[in-house]
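Chain lettering (A, B and C) follows the sequence in which the chains are written, and residue indices restart at 1 in each chain.
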Amino acid sequence: MPSLSEIAHLIGSSVFEDGIDIAGVATLEEAGPRDLSFVGSESYLPLLAQTQAAAVVVQKRLKVPATWNRPALMVDDADLAMAKVLELFAPPVPRPPVGVDPLARVAKSANLGSDVAVGPFAFIGERCRMGNRVVIHAGVFIGDDVVIGDDCELFPHVTIRERVTIGSRVIIHANSVLGTDGFGYRWDGKQHQKIPQIGTIVVEDDVEIGSCVCIDRAKFSVTRIGRGTKIDNLVQIGHNAQTGPHCILVGQSGMAGSSKLGTGVVVGGQTAIRDHITMGDGSMVAACSGVAEDVGPKQIVSGTPALPHRQTLREQAALRHLPELRNQVKKLAEEVEGLKG
Amino acid sequence: MPSLSEIAHLIGSSVFEDGIDIAGVATLEEAGPRDLSFVGSESYLPLLAQTQAAAVVVQKRLKVPATWNRPALMVDDADLAMAKVLELFAPPVPRPPVGVDPLARVAKSANLGSDVAVGPFAFIGERCRMGNRVVIHAGVFIGDDVVIGDDCELFPHVTIRERVTIGSRVIIHANSVLGTDGFGYRWDGKQHQKIPQIGTIVVEDDVEIGSCVCIDRAKFSVTRIGRGTKIDNLVQIGHNAQTGPHCILVGQSGMAGSSKLGTGVVVGGQTAIRDHITMGDGSMVAACSGVAEDVGPKQIVSGTPALPHRQTLREQAALRHLPELRNQVKKLAEEVEGLKG
Amino acid sequence: MPSLSEIAHLIGSSVFEDGIDIAGVATLEEAGPRDLSFVGSESYLPLLAQTQAAAVVVQKRLKVPATWNRPALMVDDADLAMAKVLELFAPPVPRPPVGVDPLARVAKSANLGSDVAVGPFAFIGERCRMGNRVVIHAGVFIGDDVVIGDDCELFPHVTIRERVTIGSRVIIHANSVLGTDGFGYRWDGKQHQKIPQIGTIVVEDDVEIGSCVCIDRAKFSVTRIGRGTKIDNLVQIGHNAQTGPHCILVGQSGMAGSSKLGTGVVVGGQTAIRDHITMGDGSMVAACSGVAEDVGPKQIVSGTPALPHRQTLREQAALRHLPELRNQVKKLAEEVEGLKG
């Protein structure tokens, strides 16, 4: 159990008091008398009156009320401090032991690196190549000819279809699917004929993919997830879509076929990007939007169809007044009619 | 096979005729001559002319046409009557037999109650505690230190990650995931650094969770699903989100991180709730909306951004006339110009 | 490795040059000197200046620049040509061998046709009937009394609950769930009481279902997916919903309970259809829409609530000018006031 002064040292804060051991981390409401808590913004300051927390970490620009008589660890960057503290208290993730579980099925032609762990009911196909220290949890499916780098972790019930390539330090959370056929058909006059989807997927290094995410294989060539990109739960990535490095896709968003994100693009939750659309480097689209046209670098857009965010705000503000505007125009028309008469 | 008079007795209706055995329940269109059907609203009355149903259950305020010469069971509450009839005809859900399947993997340190059933290819981790009569279907994954109450049922391919706590009488449908890391990163100038997600999830009693639902573990403290809350398929619940008791979340809706629902809140399908937003007790948000500000108790909101529903309706009505309003203003401007000249 | 002249013959194009063997198919950007590529629309023509492709397939109406000195295979229907070429290069899908894997669990009372393949960790319940040449990949769950036709393929971690019926030549991609209880409750004054969902699902012939799709069983009678309908990833189909034949449901769309699509209806991505709503034959709804009223045959609708697409476009165009319209009306009011004075 770390002491408060150890924590203060870790996060670069001076400490007000010592000899306190911290048992855990909790919100202000739920903290017990041995927990550390956080005040990340002004709106949380009133909760200090009730919290039982032993001490709090506070953003330097905030003013702690004079009534607070327990330690307050002042920091420049509360997010960074929190990340460091959470690492200190993070319990280890349970993993299958190194080696192949007797109830897993690993093809003889698969080539696993050193210190790989494969849980029960996992399936690893022919000619798979896997780096070192990869963790394959119970019930994962990895098809033939899949390539996985070092230090990856695939959680239960993940499905990686044949020929997909995954870099190093990639995390894929439970029940996600990589490599489903892209959604492509051709109407032959009688029915939708399936267009073969013969391409694959490349997931670059340091990508993290949430749960129940679907990434489709390309019609031909590749669907690509750029280095360091982070994908939240229930996101859909269509065939031949591409993200640049360091993108963020929030939950339930979707990229249609052949859409493309530059570097560091942020896509809000439940937002859709139309097929063949490009979003430039550093651009952002708000939640609940529909991007139907290309977005330039560093542009911020919102709405359906997505427009520059300022314009959307201006239109929405005007829309709030539209019912009264109609009445005003009606009255004006009557007045003009009167003036004409 | 129950007789019609037994059914009439069950649902508190007087019966018009007897000696009819009912084989099943079907819609008016699909009912055969031995089926019972339902007329829940006026719009279904015309279908009585064609249906082959042996008899129908009808809401009392509706007027059955004089041409209908088979039994009509009149009831005050058609929904309640239907629920009772469906229970009568409900076939049992197939379940694995009580005991642990030889092809399941249950940790020695796990503690299962009496009459627990564990299907093949299920995984139960170290130190799990489980109440009585829990049903774990084939292929379920339960991580270490998970606690589950009595009479729960987990359908195939559900993933419960480590340290999650689940109450009694909870149903979780196939392929849902509880306990994925919350979606939290910190940009360090070069890349998104993962913020450890060390909290957990508490699912209270009598909750039902649909298929492909994702509930993330808290950054710290807990993500909480309140007692009696019902969650439809493909719903996303972010880290530290909380629902009160008896909420309804319709399919493909999403709660972002630290959002909060009071008691009995209803969230429509494909609706998103922004992070840190609160919806008060008894409030509702319509389908296809985006809630970006707090919603008061009993308020009904809709649209993106969500506004009081009446205002949204008023704005939409005005929007329907906006193209003609523009023309009207143009004409008015010309007239004013004329008057000024 | 097929020669270019063989490919030209296959797609009905005259060939400009011969003796070239084609190694694969790639986009213009990614093609190597032995790959064939495609120019499907005018916007791709500039890429011909840089591509390394050995040859390109080009839509006849496009004008290949004079600087292009490698073979260009001109075709009437680029989509059809591409489909044929992709079939030529499509690698086989890896499948479990015919027979039942020793690590699968198949009920004794199940009845499998000839040449059925069942992978490891698959579960097949009591009294299931399955046609010939069905492929059940690793980790699939099929409940009791399920009926599956000939030539179906179910990818890993698919869950088919009890009593569901599936036609022939149906493809279901990884981690989808068919047969979850419909989302139906009745408030009894204290809590939401579950309404039994005793119906089932019928999936007709030639349907393809993406990954992480949820199709709920009917309250009673059936939820039906019509012949030849194609469903993309992460789609939600509520209880008693019905699609006609040859519908297209794009990713993350949803049909609420008892909604109904006619023949050949197209539903855009992230679009929701309200419960009990009908869309007529040949109708379409754009992406990111919410259909709240019935849609007539061949109608094209968009927006939330969905309106005829032309009207939505007209309203959106007017909305773009709303802020200036407000200013114009304000100025007009001042002028009228001046005229009155």
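The working rule: a residue touches a chain if its C-beta (ideal position, glycine included) is under 8 Å from a C-beta of that chain, and two chains touch if they have at least 3 such contacts.
Just so it is clear, the model here is predicted, and its values are computed rather than measured.
K.L.:
If you list every residue number at the chain A and chain B contact, are more than half found on both copies (same) or fewer than half (different)?
P.N.:
The interface is built from different residue numbers on each side, given that under half of them are used by both copies.
K.L.:
State the superposition rotation angle between the two copies chain A and chain C, fitting on C-alpha atoms only and giving a multiple of 5 degrees from 0 to 180.
P.N.:
The rotation relating chain A to chain C comes to 120 degrees.
K.L.:
So how far apart, in whole Å, are chain A and chain B when each is placed at the average of its C-alpha atoms?
P.N.:
Roughly 24 Å separates the two chain centres.
K.L.:
Touching two or more other chains, which residues of chain C qualify?
P.N.:
Within chain C, residues 103, 121, 139, 157, 175, 212, 234, 252, 270, 304, 319, 322, 325, 329, 332, 336, 339 contact more than one other chain.
K.L.:
Which residues, counting only chain A, touch chain B once they are in their complex?
P.N.:
Touching chain B from chain A are residues 24-27, 30, 79-80, 82-83, 86-87, 89-91, 93-94, 103, 119-121, 137-139, 155-157, 173-175, 206, 208, 210-212, 228, 230, 232-234, 246, 248, 250-252, 269-270, 287-288, 304, 316, 319-320, 322-323, 325-326, 329, 332-333, 336, 339-340.
K.L.:
Which stretch or stretches of chain A touch chain C in the complex?
P.N.:
103, 105, 121, 123, 125-126, 139, 141, 143-145, 157, 159, 161-163, 175-177, 180-181, 183, 185-186, 191-198, 212, 214, 216, 219-222, 234, 236, 238, 240, 252, 254, 256, 270, 272, 274, 290, 304-305, 307, 311, 314-315, 317-319, 321-322, 325, 328-329, 332, 335-336, 339
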